[in-house]
Amino acid sequence: MRASCILVCFFMFLAASSAVPGKKKQYKPCRELVLYFHDIIYNGQNAANATSAIVAAPEGANLTILAGQFHFGNIVVFDDPITLDNNLHSPPVGRAQGMYIYDTKNTFTAWLGFSFSLNSTDHLGTINFLGADPIMIKTRDISVVGGTGDFFMHRGVATISTDAFEGEVYFRLRVDIKFYECW
Amino acid sequence: MRASCILVCFFMFLAASSAVPGKKKQYKPCRELVLYFHDIIYNGQNAANATSAIVAAPEGANLTILAGQFHFGNIVVFDDPITLDNNLHSPPVGRAQGMYIYDTKNTFTAWLGFSFSLNSTDHLGTINFLGADPIMIKTRDISVVGGTGDFFMHRGVATISTDAFEGEVYFRLRVDIKFYECW
Amino acid sequence: MRASCILVCFFMFLAASSAVPGKKKQYKPCRELVLYFHDIIYNGQNAANATSAIVAAPEGANLTILAGQFHFGNIVVFDDPITLDNNLHSPPVGRAQGMYIYDTKNTFTAWLGFSFSLNSTDHLGTINFLGADPIMIKTRDISVVGGTGDFFMHRGVATISTDAFEGEVYFRLRVDIKFYECW
């Protein structure tokens, strides 16, 4: 009896300890989601298909051509379809909405602030993202800072990678969302 | 004695379990706050009263009229009074400051990034918000991603609803802030 | 034996309790970092040195001079060097990238959304910030909403202060980052 009580105490201790994170390497997501989204920038001629538009630019640049100097200073607003696979024409499960900002003069980097609004039989809710995107690196991590609906109060890290791009008009991002705080 | 120890263990178990959230439906906020804020967009003629201004727009649009296509691509910077009730002329308890971005071409949706700076006898501190706002839906949820002062490290969800609007010049949002992580 | 079991239970209780924060005053950061970053705004003549640029402005303003009315409505995109001390010419340990928005008509305040991308022998990873910056106040607190790499899932509060400024071209911010959630 005493032994079993000690055993219970021991497992209680494990339970309590698990709330105090140790080394980062060993964390496993409590939930994971891989999605793709597709961005077609307005270039003055593709109004019907474009899902995003340049809305701000530095002095001397215009709103139909991404600025020189690695697009430094361009702000793009987007409303991009989200799909489960890498096919632009797959049925969308939601929309990626927000903005990206090109923010370096001597290489391609962006700052991202956007949300996933998911609306499918599997997922209903939003996921909010924020972070630096050093575009030329194969995989980069941004923060998942919150969520609503099915993703109520979730936090995590999203690993993004450029799955494809065509000139300066189309790109597709793969987003591997790993939640480490689930509710 | 053994029984009481087991009982204590049992309650310990409950205490530890409570840190591991189960179904989302049963959560109760640890703190709640209902506030209103009031936005008057600059339209070229109301400089004295305007609390916000269009600062970015897509190609072909200007900065005194919200753009066509459901204002897609407009970025609005705002500094709006916050009140405890739905009266624009009530004494403000702080300012809502940040930006909203219209981000869909075929309906009204916005992306919000802003802060409440509260400065009253009741509240001193800031609350930081982020999220997608599908304006045409009655209530929508955005993330409360952090806070300072009285709201140090708080996280939660804010339910916003359009309490009133007048043409494209004035709108009032009701913000029901529910904190689920209080410090 | 019974006593020791009760003792273990008691410590379990303490461990479980520690997850439930009490008064905010007594919190100590689990990690702290003081860094500086340096911003040189493009004014039409300093293209070689400028680290930031005005990319959006209200009606009537331009992109080489900060707008009237306390710069209300200006959006500035930046890519600023981060240093360990207050010397602009110290070896940078990373880049501060993102945007600030001037958002009040009758005093200087800004809204900040940016990331620190750190890349030195000491730190590799990103820290994501968000919050209101009432510039004229000596120290102001913004939220640290997430991180990646060495700052995986971290949250906290950053106290910023204007360490120096020269006219409207250069300013240096001291950022005292206090993490209260470390992983």
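Note that the chains are named A, B and C in the order they appear, and that numbering of residues resets to 1 at the start of each chain.
We take it that a contact is a pair of C-beta atoms (placed from the backbone, for glycine too) under 8 Å apart; a residue touches a chain by one contact, two chains touch by 3 or more.
Everything numeric here is computed off the predicted structure, so don't read it as measured data.
On superposing C-alpha atoms, the copy chain A sits rotated by 120° relative to chain C, to the nearest 5.
In summary, the pair chain B and chain C forms a contact in which the copies contribute largely different residue numbers, shared numbers making up under half of all those used. Centres computed as Cα averages put chain B at a distance of 21 Å from chain C.
Each of the following residues of chain B touches two or more other chains: 2, 5, 9, 12, 16, 19, 55-56, 75, 113, 130, 145.
Residues of chain A touching chain B in their complex: 1-2, 5, 8-9, 12, 15-16, 19, 42, 44, 53-56, 62-64, 75, 77-79, 95, 97-99, 113-115, 117, 126, 128, 130, 145-150, 152-153, 182-183.
On the side of chain B, the complex with chain A involves touching residues 2, 5-6, 9, 12-13, 16-17, 19, 21, 24, 27, 55-59, 72-75, 101-105, 109, 111, 113, 130-132, 134, 141-145, 155-157, 180-181.
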